[in-house]
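Listed after this line are the structures, all set down as structure tokens.
One chain, subunit A, links the two complexes that follow: it is found with subunit B in the first and with subunit C in the second.
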Partner chain A sequence: MPLNEELRQFVTDNFLFGRNSAGLADHDSFLDKGIIDSTGVLELVAFLEQRYGIHMQDHDLLPENLDSIDNLARFVGSKLPRN
Partner chain B sequence: MQVESFLEQSAHSLPHKTALVCGARRLAYRELDESANRLAHSLIAAGVQRGDRVAVYLENSIEAVASIFAILKAGGVFLVINPTTKADKLCYILNNCRAKGLITDGRRLGASGRGILGDVLCLSAVWLAGGIGEDVPATGHRLVDLDAVLRDTGLPPQALPKRAIDIDLAALIYTSGSTGRPKGVMLTHLNIVSAATSITTYLENRTEDIILSVLPLSFDYGLYQVLMAFKIGGTVVLERSFTYPSKALDILVREKVTGFPIVPTMAAVLLQMDLSAFQSPSLRYITNTAAALPTEHIRRLRDLFPSAKLYSMYGLTECKRVSYLPPEQLDVRPASIGRGMPNEEVYIVDDEGNRVEPEIVGELVVRGANVMKGYWELPEETDKVLKPGPLPGEKVLHTGDLFKSDEEGYFYFVGRKDDIIKTRGEKVSPREVEDVLHSIPEVAEAAVIGVPDPLLGQAIRAVISLREGTQLGEKDVLSYCAARLEDFMVPKSVAFVSSLPKTGSGKVSKREMAVSAGETI
Partner chain C sequence: MCGIAGVITAGGETASPEVLSGMIRMIRHRGPDESGVHVEPGVGLGHARLSIIDLAGGRQPMHNEDSSLWIAFNGEIFNYLELREDLIKKGHVFATNSDTEVILHLYEEKGADCVTYLNGQWAFAIWDRNRRRLFLSRDRLGVRPLFYTWAGKNLVFGSEIKALFVYPGVTRDLDLNGLDEIFTYWCCVPPRTAFRGILELPPGNSMIVEAGKATVRPYWDLEYEDDRGAVNAVKETEYAEQLLDLLIDATRIRLRADVPVGAYLSGGLDSTLTTALIRRFTNNRLRSFSVSFEDAEFDESPYQREAVRFLDTDHQEVRCTAAQIGALLPEVVWHTEKPILRTAPAPLYLLSKLVRDSGYKVVITGEGSDEILGGYDIFKEAKIRRFWRAQPDSRIRPLLLRRLYPYLEKIRDQPDAYRKAFFHVQVDPALEAFFSHVPRWQLTAKLKSFFSDSVHAELGADTSYAAISAALPQRYASWRSFCQAQYLETKYLLPGYILSSQGDRVAMAHGVEGRFPFLDYRVVEFASKLPVSLKMKVLDEKYLLRRCARNLVPTSVQARHKQPYRAPEGSSLLHAAAGGYVEDLLSPARIRRDGIFDAQSVEKLLAKFRRGAAIGVKDNMSLVGIVSTQLLLHQYIHHFDCKGIAYAA
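Take a look at the complex of A and B:
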């Protein structure tokens, strides 16, 4: 599954409880849309660490890295080993 | 004294001092005061009269703060509605208090108001932050561009003559009620000024204070951060949320914050982070309320913020704050929520209303000018909590919380008389969640309990039995709730059972449910 799709799937399943996420654009801010709170961020971090084997530093927990599907994909992409 | 004087007096004495920081925007006292004056003129032009209710339904923002003060300046009564409130409840609240105005933004109106605000006939106008774009649904109400009003030099920036006196209502704060419908706590100017004076006294607040608030303005703890900072001529750094804790900590350092109000969930999040390199030498105090901090968290917070005094506090919307523990007492009695505030009397009574001796458990009673006037248009509910005090005509607040005191008069929380759940620092009426669960067609019976949770204090757990022959999954339930309840009210887990445990009299036994929830966790 492409990275964007996989991230969208996680967000949809865990923060929208499987509701149709058609209304959620890749660039939409989770904060603006009221999708995620601080405990949600911790769930998101646990998922990223487990699924992609990346180690998140606390200073990574910023909206620039985590606050939309696009930001997540860019952040995860930058942390994954290059082929 | 009226609450809007907090802003007006600081604007007079400290016109160029920074009052409010929101993201990249910084406003000086005079700028903010003049913006609020313009909006007050706009409110009055739209027909807002002394005592009229006007709702603010916005995230933490400069616009929200300016709106609160503008409503007061116009002689009105403000209410701040949690920005995650869904359409049904928004309309219930607006209709319940017959709001004359609504101040919100186009996105929120689009998400919550489409076709619904049509049922809210009391509104004479809606002010919209962010402009009136094409995406704003037609609701039939008069729309006013809030941004234009706040900066419009065509409107007079001068204050209006005072309309309200200090025993008039200043605010309604809607809080969870045992009936499942939210109740509006009525607070006068005098109530708010009294509470703000007591709190800023024991926190020893001063003009140099810079307070970082990530708490919503709909929560009285968040609201008072702004009110109190303006009262002392300090600065508030207002963030929308604590969603990205690293961002909040960056701001704490960059803005040289001196005061940081938290709730236990925020402490739990902070203490999961590696903050070994973090330093905040400017931080003078941290306050905690909503629920007690675990002793271990107290110890680690003090390690993390060595320059800060830590205040454990306790309160309820009906009187704002009840007590605080002087920081030097934290090592002596860490489990205590302290003593009454300055200019307030707090005591414990038995079922007959007689004061009890130390170590005896009873209901906590609060006496002071900070005690609310009652619940909006709910005289019976009001009479259950406001009871005659020692002086003729006086009312004291029976909190519904069970406490005991030690020999030196420090109080200890024992439990609640009702089954209100406290999660993430917010009170949740099980009934309000259960009403939503019962509206799911497949649900035969549903009940909601709070189960212990290291992060949330209590997590909401729904226990459901389904109608025969129907099927429903946990996600279906959570999704249904998320569309109808504020975020913090949505259950964290669902247990499906064949039937709910009952007491001998046929009532649902929450005690038994809590025990079996403990076994499965």
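Take a look at the complex of A and C:
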């Protein structure tokens, strides 16, 4: 599954519980849309660490990296080993 | 403390004693000691009694000398001795030593205004035969419940909704707007309840029913006229002395009972202080009770033990497990009669059972202090958010948020950028009146994403908090923001959740009466005039109360940060030992049949819990809210059993 799709699937299942997925654009801000609650970001970090083997540093925990499917894909892509 | 039920018939026909007995049977847990019914043309009154004052003479329904007035009363009038003395001076002759009879004579003397003289917690009905009038009243802050509905032209009322459902012609349906309010504010906005057509008499209101018409009138409301003058050391000392004097007297009159009075001891400042004040008035050994948790995140037992040592009480605790909470939730929801978003009522249900099993039926507790004296974190949070908003680019101001919620590890770990977003430093200007509560309400309202499409379609989208907006008093706008936040907590969450789902309903389930010195109206009115800076000094919550408590409670209890009472949440419902009812209630077929929630979303939520990934507040509130709503449908809509409790899934 392409990275964007996989991330979308995680966000849809975990934060939207299958609802409104069609209304979520890749560039939509999770914060602005109220998709991620106060602890949702911790769930997101746990998923990224577990699924992609990324070790998140404190300075990585920024909306620029985590606040939309586009931002997530860009961030995860930059952390994954290049073939 | 007791349960009441009754009916006033528009055509003047005599109510059926069998029906009234059936209504009373449904709430017999509130008053297991005796029961009684009175019927006559036009009216029927029923009563289930928990004997506390005048054990021999206080039988109800009770009448006056010439039987022109009849009363069914649930509650306590703590100043009944003083009122009785005054009434005797005015020529009234008493047949009993009960507080119930005092209300009757006071009504003879003052009519509907009688309630303004009462210091207590009550829900009562007086049938005034000569005027063909029913007078119903509920205490100022909503300690005791009172519901009513119309069955055709007959008005039916009772302490609990389940009693109303016994009356022929009263229909049982969920009120989707009530559900919408609970999934926003945690409670309904009175008079609405979770059931369509069933209304609650709001706290501080009385109702007169005559000639087939009901008129509801407030006789008391919260009023904030905080002292805005400078507070010097002398003035502060005066305030502290006055507050302590009032609390001492509020506690003293709450010890009036012909049965022994015990105390809840949570380990926090409020109940430790009320227990300390009880110790001043009794040489007998004082019994105290608490709940502790196997999970250290929720457990306060080290503080409880310290308070017990310091106050030298005979203490008993019940240790609550996650599995017990899961297993008890069906019984708890049967008693709360509304969906709940937290499991916190369940351990308190266990605690009241411990009290009852120990032979006690009255306890003094510390509820109300956080609302009236500024203890909740929501007040502190709003203060920091306002401070930050004044300089939104400040890098220092948001750091204060780290001082909030030190007991909630997961929030503490959040990155700053997210914490800023969550705490809504900016709110929509149209919602400025609710600045303090917008983060909580918006978070809770997200739970509504689980509603089915048909429920969404019926409710529409309301983000303006119209129900509360419409009910705000005109003077609200003139109050300080701190007082506005206090008002919202005291007016809505206190009666709608704290005193009901965590208070009356789970205590009375086992025939246990709570008494609340902080909710003595004299204390409440005094606190509402205090300078705001004495409630929260900078960020020190309940500043003046802490000062009062010096030397009366252990230093560690005095100094500890306010820890709201919480209990293990969603995962407890799925515990292997909880009984498995959740799987049944939340099965896709069941969810689709009931139609309130979206089956696919619920399935995904359950899956998230099963893989241990549900760690957030929202997920936990969602599961508890969905399960308790499904339980309510099961117990009250689909399988309501008039003969007794039916709660098994």
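Methods note: the second predicted complex is superposed on the first by the 82 of 83 C-alpha atoms of A that agree within 3 Å, B and C clash if a C-alpha of one lies under 4 Å from a C-alpha of the other, contacts with A are read in each partner's own complex, and residues count from 1 in each chain.
In the analysis below, contacts are C-beta pairs under 8 Å (C-beta built on N, C-alpha and C of every residue); 3 or more make two chains touch, one makes a residue touch a chain.
Since this is a predicted model, take the numbers as computed values, not measurements.
Once the two complexes are laid over each other on the shared chain, residue contacts for A:81 go to neither subunit B nor subunit C. Legend: residue contacts after superposition of the two complexes on their common chain; A:2 is shown touching neither subunit B nor subunit C.
In the superposition on chain A, A:40 makes contact with both subunit B and subunit C.
Within the superposed three-chain model, A:58 lies in touch with subunit B and with subunit C [touch as defined at top]. In the superposition on chain A, A:31 makes contact with both subunit B and subunit C. Shared-chain residue A:16: touches subunit B and subunit C both.
Counting contacts by the rule stated earlier, residues 13, 16-19, 31, 34, 36-42, 58, 61-63 of subunit A appear in both its interface with subunit B and its interface with subunit C. For subunit C in complex with subunit A, the touching residues are 410-411, 413-415, 417-419, 421-422, 442-443, 446, 449-450, 598, 600-602, 604-605, 607-608, 613, 615-618.
By the touch criterion stated above, subunit B contacts subunit A in their complex at residues 83-84, 107, 240-247, 265-266, 269, 272-275, 424, 455-456, 475-476, 478-479, 482-483, 487. Residues of subunit A that touch subunit B in their complex: 13, 16-19, 30-32, 34, 36-42, 57-63, 66-67.
Here subunit A touches subunit C in the complex through residues 13-14, 16-20, 31, 34, 36-43, 46, 58, 61-63, going by the rule given at the top.
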